[in-house]
Every structure is written in structure tokens, then in C-alpha cells.
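Next come two complexes, and both contain chain A; in the first it sits with chain B, in the second with chain C.
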Partner chain A sequence: MKALSITLKDLQLLVKDRGSLFQYFLLPLLFVLIFSGGLSSIGSSTGDTRMALAVVNLDGGTGAQSLLAGIDAAGGVRTELYDQAEAESLLDENKLGRLLFIPADFSAGLSAGRPVTLRLVAHPDASAQETESVMLVLEGVANGMTLESQILASLRQMGDMQAGNPDAAQAFSTDRLVAQASNQFEQSRTRPLIVVKQTVPAQQGESEAMPDFGKAVLSGVTVLFVFLSAQTAARSIYEEKKVGSFRRLMAAPLSRPALLAGKILPNFLTALVQILVIFLFGSLGLRLIGATPVPFEDAPLAVTLVSIVMALCASALGIVIAAIARTENQIGGMGTLVLWGMGLLGGCIAPAFLLDRYLGPLPKIVPQYWANRAFDDLLLRGLGLQDVALELAILLGFAMLFFVIGLWRFDFE
Partner chain B sequence: MPAILEVENLVKKYGDFEAVKGISFSVEQGEVFGLLGPNGAGKTQTISMLTGVITPTSGKARIGGFDLHTQMSKVKEINGLVPQDLALYPTLSARANLNFFGRIYGLRGRQLKERVDDVLHVVALTERADQVVDKYSGGMKRRVNIAAGLVHQPRLLFLDEPTVGVDPQSRNQIFESVQRLNRERGMSVVYTSHYMEEVELLCNRVAIIDQGKIIALDTIKNLIAMLGGGVIYIGLASVDENMLAQLAALPAVKAVELVPPPVSPPALEGSVQEKEGKTPTANPVIKIVAEHNQEAVLNVIEYLNQKNISLTSLDILQPNLESVFLHLTGKKLRE
Partner chain C sequence: MKAIYYTLSVAWKEIQLILKDRGWLVMLFLLPLLIGGFIGGMNLAVTSSTSEEGRQGGILLKVGLVNQDPGAFGTEVSKAIQDIDQLQVQVFSSADQAVERVAQGEITSAIILPADFSEKINAYTPTEIEVMVDPAQPESASIVAGIMNQVVSEVGLWGEVQYGVRSIFEESGLLAQASSEEQRAIKAQNLGVIMTRINDMRRNPAILVVSEDLQGAKIQGGIELFIAYQFAGLTVMFIFFIVAMCSNSLLGEREAGTIRRLLSAPVPRGAIIAGKILAFMLLGCMQVVIMFGVANLLLGAPLGRSPLALVVMTLVVTFTAAAMGMMVAALAKSASQANSTGLILAFVLAGLGGALPTGKEPLSRAGGFIGVISKLTPHAHAVEGYYRVMAENETIIQILPEIGILLAFGIVFFVIAIWRFRFEG
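On to the complex of A and B.
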């Protein structure tokens, strides 16, 4: 209860501190807006939020036209036609994530009932989730076209037989028609006319996927600012020591762990509220301004757990800073250099896959990296709680390590 | 009546530096006890050890019968600490500050409200209790600082230099509060200061502390009596052992000694020498402890005239704690 009194008091002080409130709640949202392009999307949004799919149409026949119309009508993906050379060049430069080739004999093959192959080429760094979505759309449209083509061909065949031999009318009983249709359904499944092949593996590891930038910014900013709050926690302890109230707390019948718990609990709670505010903005605010919302609702339990452990880790880091820094300038310096540096290294500002590429395993030494990875897995890759168990365990390990170092180095006197 | 505080050979070391060098003293129930010493003498360190803010390197203490080392939580419930710093949250009101300090001592609800109202009354701040502390004058902040140490009704109150930076009116109010708490509620007080006037006004007994050691401990009356009628510092053109012996034999003179350099001649606050900004001379200075100042001065000057010895400086100190401290350490309290 006494520790809670300290927490309550610190929250009272925080409410009166406009600077800290700005840093906790408004600054992250500004970062999200600026870096996710949310501001620009207000003016430039066309309303079409479907994923663009570059297409090189080497056929140009009616079958290819039907395929493109089918893809556009399926929802989620819109086709954009490119010249082959230009498209391949853009794909090489990773300016196009995926490229669909419609072969020259597509329409003719379809008409003749010959199997044809559509080739989807994906850049190695393209988002695996998005490539998978495109594949699903393509396979759906291709299956539909295969079925349509085969049934029509079958009906045409039966019509021709009927016209050539009027006496054989009884041969096409209801049972035969149903059996014929079933046969065509089965053929369309086992021997499809249109086969979609992904010629370059989309990914060999999750780190190679390039996430949606807007979503990545939101999780990156969240992680960055939650860990920046460690500086506020450290400053609160420093201020307490500077004005002498820490001596008063030390003289009160309060154990040292309870005193420290009382000091970091406000930061922990504030960090949780901070995460909630940023995520609500990511879910509702971005939707309101026409940007793509971040799907926090897909894995609420996992997102909540990662948030709690991350807030705990940041608060414990605050004790470490308070234990090491001797002056207000040192706290400020650590906030600026160490926390922003850790944030940069941990993929809060630059995408993690880029850091992996240039820095190797180095980013893994900071907790921000693991928090970002957990959020990326949950929010961008659509993974679940079991998939972020490692990240959660490592973050918890960091939190415990920070507590131990903080308690060991903290100068109560 | 048993002592509320018993300290035995308390030591605080920081590496090789010994901040408190084995001090021992006791404070009786209902007593106002003074710790008088210059800045850096070890007063705050002593208080910090006794209130649990820092851990003693060695030594023992019992407060209210509880052992400082093994029963610290009980000790902390008995103690009240008013630190030298304004240990308050400036953006909160006085009442919010006091509510917080009451809560960390376990006070809740009606009891907390009554205690807060009571201490606000004690420090005469009831009318402005809901004002933000940052808007208070220095003296008012000091009074809230004291109230925060009182809110849980301690039996032993440690006041660490409570009047630093305070205007005369607030200083008087603080004195009155301390006297009233002691007189009306029987609260025992340990009062540290480097202002001898405050200690003389408030305290029954005083420990004079310097460089981490208690160099004298007694009632103020007895401490001053050490000096008899006062102390005279005389600068002379020349001094020899024979002259010192003859001076010591003069009527009204208790003792004579040559003041060793570099402390000679000491210019006391308010003395002619200090006011005129004179720098110390290289001439020898003798210190005469007198039974009666005036008579001793007349006898010494008569002797010097007879011997035709030139006088280069003369300082006559009235007997008080300041001169006791100077007598014991060769330093001024506020050096």
C-alpha cells in the first residue's frame, strides 16, 4: 500500500507535467503520422486500398482479358500493366514486389483445353504475407476460369453430340449430366487448365520479409517511445534525490524494494497507457484519416502480453539509468544517446531486415529489437502467441537483468 | 525516565574517509538536544544514520528502546525527519504533500485528515493549505517541510538545519513551533544547526561536533562556564615562555596559551577586525581564558605597559557557544 502511495503521488505529478505528457502521448502520435505518411495520405488517398499487382501481358487475347478482369473483380488486388523489360528492371530494383507473367499462348491454350501456366515472380524481400494473399487471389480466379472453361467445353461437346444424333436424346439423362459436371469439377481440381507458379521463393526466413512501412512505423514508434520513458523514470528518481524527498522516503518505514517498486510502477502504468493510446490511434485514428489501420485485434492476448513485458523492461531500464547516472545531464545524455541509439539499433527507426543485413546479429543485444520483432510477427505477419514466445522470454530476461543491475548499482544513500 | 535515544560509538566511513568518528550521546525523553557544528562537521551524517537514511559502518544506537540495526522499521515509526533540503513536491499543494507523507507512514482516511489538519495548524498554514507549494515563500516552504516530518506524530523529531534561508519572521515561527511541540506534546527533538543563537534558545543540552567527533557535550550553561568570564586574544610584538607564565599568574586570568599558527589571530563575526577587513598579521597571538573579562584585560594591559611590550591586536570575546567552539577548535562555527 505504501508503494502504491508513491505510485499515486508520481502519477499526480505526471498529470501536472505537460512536458512529460507531451513526450509520453503526443510525440509518438506525431512520429506515427509523419513517418507512416499518414499526413500525406489525407490529401492523396484515392479510396482504392487494394494491393497493386504488376502484370506483363504477353498474350493480349480474350482469355488474358478475362483473367485480369477476374483478378480486379476478386477484391484485394488490382492489376497494373507493364512492359516486360521495364517490369523486370523494376523487380530487380525491388521497386516492384511481385510480377505476374501471362504467357503468349494463354488464351489459345485455354480455348484448346491445354494447360497453361501463369508465373508469379516475387522479389526475395517482398512481404511473404502479401505474396501469399496475391497467390490466393490468383489461384481462386484461375480455378474459376478453369472450371468455367471445362464445363463450357463439356456442355458444348454434349450439345454437338445432341445436334448430330437427335435419337440419342435419352442418352443425356439427369444422372449423366450430373456425373459429367462432377467429372469436370474433379478435373479442374486435379488437372487444372491454369496453373499458377511462384518462380522465386518468397522468403527463406521471416527476417527477409519487408513489412508494410506504415504498420512497421507504428510498432517501431511504440517500442521507441516506451523505452524512452525509461529516461522519465530515471529523472523522477533523480529529482526525488535532488530535492531531498528521497531521504524522507528512506526515513519512512518502507523497504528499499518497495520504495523502488513504488518509483517504477508509475512508469510501468504510464507506458501501458502510452501503448494503448498509440495502438488505438493505429487502429482507429489511421482509419479515420484514410490510412490502413493496424490489426491489433487479430492477436489481442499476445499483443497485450508483449506490451506488458516491454513496459516492465523499459521501467527496469529506468532504474539502471538512475543507478548509473550521477547528474541530470547524464540522464539527459543517456536518454538521447543510449535510448535513441538502442532504438535505432533495435529497428525502431530503420526496418529490422536492413539492420540485419548490415549489422548482422548486433541488433539482438538490445531489447528493442526483440520487442519490434514480436510486434512485427503479430501485427504484420499475422502470427500468434506461440510464435512470439521466444521474444517474450528474451524481453522478460532483459527486464530481470535490468532489475538485478539496477538493484545492485542503485545508490540508496 | 529512560533516554529516547542512546548512541554508542557510531561510525560512518566512505572508503578511507571517516565522516563520523565514533560518536556517543543520549537524548532524554522530552529533551531538545542540539548538535552544533560547522558545515561538514558530520551532523547530517549522524542524523541520516539515526533515521535509517544511511547505514552506519559500525556502532550502536537504540531509539525508543528499539535497536537501530535489528528493529529499523520500529525505529522509523518513532522517528520524524525534517531534512535540510526542502524535501517537498513543488507542483503539489501543501495538503497533497502532507497527505502523501502521511500515507507512507500508514495513515489513512479520517486519521490522515485529522493529522494533516493538525500539523497545518502547528505550522500556521491552514489558510493556505491548498495552494501549490511552488507559490510559497521560502519561510512557508520551510514550515511545510517541518509539517511533513510531524504528520505521523513522531516521538523523536530530527530537525536538520531547519532555518537555512529563512526570513526572521518565519524563523521565529519555526522556533515557536518547536518549543510548542516540545512543551505541549512532550516531543523529543534533536536539533542541528551552525547558528549558536538557535541552539542557545531552544536546546537543553548541546553536543559540539567537529570533523566527525563530539568535542564537548553538556548543558549550555556548563559549556559556557568552561570559558569562565570570556576569552581574550592579544597580538604581541614578541612572546616568550616566561611572559606566558607571568600573564597566567595575573589576577582574573585562568589560563594563557600561545595560539598556534595558522589560526591566529581569529577574527570573529562582528569583531572590529572582521568589520575593517583586516588581514591576519604575522605577529604572535596569545589566548587568555579569563575569570572576569574586564578585570583580566586591565591587568594584562598594565603588565604589558610595565614591560614595554607593544600590543598589535586585541579581541575580547564574550562567553557564548560561539566562543566555546572557537576555544575548542580554533575555528569559527561558520567557517
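On to the complex of A and C.
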């Protein structure tokens, strides 16, 4: 009962601390908005925002026309034709950022199967980022265009191989080959022979869906900020020691574990409310701004259990920080560094396959890794309670370990 | 002369206090380095393993492969996928097994070739390769898509050439007249043509796109620019953490009564404010030196061609941040309120101003409503100014608008601070 009184008092203090309330509740939502791309999508313009690309067309043939039409149709870039002398002068004066030269033999070279080169010349002060984007569009369009010439060159080669057969001469006439290649090329533009279709595993009767960044960000941010709250717990414990109220509490008939449990209970409860707020935002808020909402209703029991164990683990970590740090500054500095470091290592920001590739088994030593895995399984992969049993057990193990270390190292005096 | 002496004395005292506050030092120096180094390092590693030059970058993704097709095209695609260095391919006999592994998050994606893959290509009928991606790792989707498009383009060409040759032979009746031995020879010739074409396509692309500068030199790629943006953003974000520290310091002194003692010394009021601003500007400058130094030396981020522009930007940004701290101190009722307000401002304005790097370029360039909102923050102009100097090689003249706007922000903050701050608490 006395432990609960400590909890109630700490909760009252927390409600008055606007900075902590901001860190607990608003900051994670801001992170979700920013990292999911939700912020950039609010009220974004729907007009023609394509980047203008100055082009000097020295060719004038059908190949060059196809190239220009392809660039305009690819999205992201629109072409503007210039006279060579004028364009070069504007480029020198930095009135044009970049200039595409289509060489005089472009169409002829394509038809003859000769390699041709497109030059994109950029002014040194032009945005290199934009130049790179233009290059990607040009390479994509060029790859598509070469299909026709590749088919034509192949048919010609085949025709050459039939040179000894007089009947084949007519069958492999130039006109026939050009018509065949052109016909196939036109078909491939509207009906490609092979399509790569991306899907995600179906969940609960849901049909195909595409991977979604907004959804993937939410669980990472939740885990990051729940564990960052350990610093608030540590600071609260330190304050209690500093003002001497801990010593007074020691005089009360309370065991040391009960005393510490009472101290972490408010942080535990606040962390649970924090998770609820972030998840509600993930379900309702993301829907409001037009992003894909995260489904929490698929495995409510499992999500609740993981949330409880994670909040417990983060609160117990707060005791460890309070036990090891000697000053308030150390709690601020060491706490910040350790908790952010653990969050980054545990995959709260970087994707799991990169951690796996570059850090090997190292991320597994932090509880954030297991919490992220559990939430990913439940919220993104649509798995159930039995699938996250290992993660739950490990998180519980971490919580107990932190509590025992805290109890052992904590200087109650 | 005395005013300068007092200002420097206050600044020196403040610096000594700052250096003792390890919590803030970690927050201002180590945390941005930790975040920047981690994210920048990861991006650099991915780029080097997927770029043309970095083919030896090693395995990036674990994928499952299900080839249900008994034909030649299925075999060819399977072989091509298994030969890709960036993929650790595990072959499954059924699609269900592979999908289950994706659903469990054990592999990033499953590539499923349908049973009628070769049959459809031979019949010149469109077909699909399904790539099932782990929804918890959406970043892997674009990498797999890039790899698969490369594989498919070659097999697609094979199918197209095969169909073209067959059409001509069938239309002319040459194939029907040929003996079985001649038909086999024609098929072998056809395959030879296809292989020659694919090898040629790999070695000499029919259309080569090159990007060059005015002197014809090759232009550098994008990852260094992303790192420049990332470090510019993080540096600006953490410089503005000074707001909380600065306001907390000023109000803390007022609450502790040391300002009153300074005034009776007598240190002029202006010297107290100027000394504090000077100390926090110096702190901000140190942040910039360390952050940009690490970005340039360890991660290869460009610093542009105008050191002067970087220096002036840094002076203006740090002045604006320190002045904002003074303004918060003038408007807050207590040190703790100033501290929490400063932190809230630091995060919110960083988010709105695009200092938290999420896209490829500053948020203020996004256009639309958010682009306008972004430009209302000093952060957006600070990030834009740094980015233009570092990544786009602009000079001090070209970034004068950003410098002017930041300076205007700083002066407005400073005037409000002087007008509203009460030295006697």
C-alpha cells in the first residue's frame, strides 16, 4: 500500500513536468510523422512538379523523338528543347543547371545497332542530387529503348547465318526485320513479356499489399521512446535520493525490493499509456493524414503482453542507470548515450537486414532488438502470441536481470 | 574596453560551467555523432555493396528462391539469381515453405517462378515473377526490385529474340520445310544469337548515358551528398539544443541570485547577455567543427568550396540559436520551464525545418503546405544554407538570402530577449 503511495506521488509529479510529458507522448508522434513520410505528404502539391531538362537535339530522327517522349512519360522530368549555341551559353552562365545532348547519329546508330552515347552536362553549381535523379530517368528510358535495336540486331545476325539458304534471303529482308522488331517493341511497352510483381504475405484474409514504410517506422519509434523513458525513471529515483526522502522511506516498514518496485511503478504505468497513445496514433492518426494505419486488432492479447513486458523492462533499466550513475549529469549524459545507442543497435531506426549484415549477432544483446522483433511479428507480419513467445521470455529475462542488478548495485543510503 | 573584458569574463565562466556538465556535453556532441555515424555508416555500407565498384561488398539480403518451372527460362533465371553476390539464396521446393519463412521474418523475400514460366515465354504470353517481401523490412523491397529488373531484362530479351526469329521462320515456311537436323541447327543458331546479344548488352550497352561537368569530367554520385545533408541536418538540430541549455543557464543564475551579485560587481547587463551568447556560440561552433570533421574525414561528405561561407553560416546559426535561448529565458517563468520549452522547440522545429534527415534533400524543398511551414523555421534556412555550400558548391554570395533570413531571426529573438528579460527575478 505504501509502495502505491510512492507511485501516486510520482505520477502527480510527472503530470506537472511538461518536458517529460512532451518526451513521453508528443515527441514519439513527431518522430512517427517525420520518419514515415507522413509530414511531407500533408498538403503536398498536386500540380506538375516535374524537373525541367534542357535538351539539344542534334539528331531529329525517330529515335530521338522516342527518347524525348520516353523521358516525358517516365515521370519526374519534362524536356525543353533548345538551340545548341543558346543552350551552351545559358549553361555557362548557370541559367541552365544541366543540358542533355542527343548526338547527330543517335537514330541512325540505334537502327544500325551501333552503340550511341547521350551526354548530360551539368553546371558545377547545379544540384548534384537533381543531376542524379535525371540520370536515373535517362538510364531507365535508354534501357527500354534498346530493346527494339537489340531485337533487330539479333534478327539480322540470324539472317546472316542463313546466308547460304536462298529461300531465307526474302524472309530476312531488312523491311521484314524492322517491322518485326518494331511490332514486338510496341507490344512490350504495353504488355511486357515478364513482369516482376511485389507482394507481402497475406494477413487475415487480406489480399495483396505493398510494403509500407509508415507501418514499419511505428514499432521502432515506440520501442525507442519506451526505453528512453528509463532515463526519467532514473532521474526520479536520483531526485528522491538527493532530497533525502529515500532515507525517510527506508525507515518505513518496506522491503528494499518493494521500495524499488514502488519507484518503477509510475514509470511502468506511464510507459503503458505512452504505448497506447502511440498505437492509437498509428491506428487513427495515420489514417487521418492519408497514410496506412497499423492494425493492432489482429492480436490484441499478444500486443498487450509485449507492451507490458517491454514497459517493465524499460522501467527496470531505469533502476540500473540510477544505480550506476553517481550524479544527475551522469544520468543525463550516460543515460542519453546508452539508451540511444541501445535503440540504434536494437533496430529502432535501421532495418533489421542491415543490422544482421553488418553487426552480426551483436543487436541481440539489447532488449530493444527483441521488443522490435516481437512488434514486427505481431503488427507487420500478422503473427500470433505463440510466435513471439521467445521474444516475450527474453524481454522478461532482461527485466528480471535489470531489477536484480539494480537491487544489488543500488545505494539506498 | 571594460565592457569587452566583462563580456569575455562572463563567457569564460560560462564555458567552464558548460565543460563540467557532462550530460549536456554528451547530448550536444556524442549523441549527434552516434546517430549520424550509425545512419551514415549504414547507408555508405549499403551503397558500396550495391554499386558497380563494390560488387565484392558481400551478402546484403537473405532471399528464398522457388523455381516451379521445369523449363530453360526458369533454370536460367534461377542461375542468374544464385550468381548475384549481394544475395544469400536459399532454394525451396514449395512456395508455401518460402512464404512461411518470409512471414516469420527469417528471409527478406521469396522469389517465386511460376510452373508455366518457360511455357508462357515460349508461347510469347506475358508471365509474372512474384517477389514476396517481408513487410517489416520494406527497405529490402527496392533492392530486390532493382536486382530482379536486371535479371528479367536479359531473360525478357531472350524471349523476345526467340519469338522474333520463330515468327519469321514460321511466316516464311522455312521451318516447316526444314529437316529435323536443320531444325535443330536453326535452334542452336538462335540460342547462339541470343547469347551473343546478351553478352554484348552486358559489355557494350546500346545507349550509354554519361554525366559530366563543363570540362567533361565525371560527376560524383549521391551517397556523399546524402551524408552531407544528414550531417547538416543533425548539426543544426543539435546546435538548437543550445536553446534549452542557454535559457536554463540564464534563469538558473537568476534563481540562484548570482546575476544580482554580478550586477552589483558592477558588470553591465549587456555584458552578461553578450558573454552568455558568446559562450554558447563558441559551443555551437565546436559542434560544427566536430560534426563536419567526422562527416568529411570518416564518411567522405563534401564540405563545398567555400570555407568562408561555412564559417559565416556557422556564426549566424549559432547566434540565432543562442538568441533564441535568451528569448525563451525572457519569456519563461522558471529555469525548469525554460529547459522543457527549449527541448520541445529543439525537437519540433527540427522536425518541421527538415533537420531530421528522412528524405534525400531538405524538407523545405518538398513544396506544398509542409514546404511553406518548413520555411517559417530558422532550422530550414540553416539546413538549406549548409547543404547548398556543402553539396552544391555554392558560395557565400549565393547563400546570402539564407544568411540574411537567419540573421533576421536572430535579431528578432535578441530584441525580444532584451525587451522582456528581467534581471531581478
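Here is the rule we use: the second predicted complex is superposed on the first by the 244 of 413 C-alpha atoms of A that agree within 3 Å, B and C clash if a C-alpha of one lies under 4 Å from a C-alpha of the other, contacts with A are read in each partner's own complex, and residues count from 1 in each chain.
Following the convention adopted for this analysis, a residue touches a chain if its C-beta (ideal position, glycine included) is under 8 Å from a C-beta of that chain, and two chains touch if they have at least 3 such contacts.
The shown structure was predicted, so the numbers you read here are calculated from the model rather than taken from an experiment.
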Touching partner for A:Q150 - first (chain B), second (chain C), both, neither: second
Touching A:A74, do we find chain B (first), chain C (second), both, or neither? neither
Check whether A:D376 is in contact with chain B, with chain C, with both or with neither, and answer first, second, both or neither. second
Could you tell me if A:L14 is touching chain B, chain C, both of them or neither one (first, second, both, neither)? neither
Partner chain in contact with A:L27 - chain B first, chain C second, else both or neither: second
Using the touch definition from the top, say if A:L385 reaches chain B (first), chain C (second), both or neither. neither
Which partner does A:L90 contact after superposing on A: first (chain B), second (chain C), both, neither? neither
A:I308 contacts which: chain B (first), chain C (second), both, neither? neither
Which of chain B and chain C A:R247 touches, first, second, both or neither: first
Going by the touch definition up top, name the partner, chain B or chain C, that contacts more of chain A. C
Doubly contacted chain A residues - partners chain C and chain B: 17
Mind listing the chain B positions that touch chain A in their complex? 48, 51-55, 73, 76-77, 79, 81, 83-92, 96, 100-101, 103-106, 148-149
Per the contact definition, I'd like the list of chain C residues that touch chain A in the complex. 20-27, 30-31, 34-35, 38-39, 42, 45-46, 58-62, 99, 102-105, 108, 121, 124, 126-141, 144-145, 148-149, 152-153, 155-157, 159-161, 163-165, 167-169, 171-172, 174, 177, 189-190, 193-194, 196-197, 201, 204-214, 219-222, 225, 336-337, 339-341, 343-344, 347-348, 351-352, 356, 358-361, 363, 366-370, 391-394, 398
Across the complex, what residues on chain A touch chain B? 1-2, 5-6, 8-9, 12-13, 16-17, 243-254, 413
Of chain A, residues touching chain C in the complex: 17-20, 22-23, 26-27, 30-31, 33-35, 37, 39-45, 49, 91-92, 110, 113, 115-129, 131-132, 135, 138-139, 142-143, 145-147, 149-151, 153-155, 157-158, 161-162, 165, 167-168, 170-172, 176-177, 180-181, 184, 188, 191-201, 209-213, 215-216, 328-334, 336-337, 340-341, 344, 349-354, 356-358, 373, 376-377, 380-383, 387
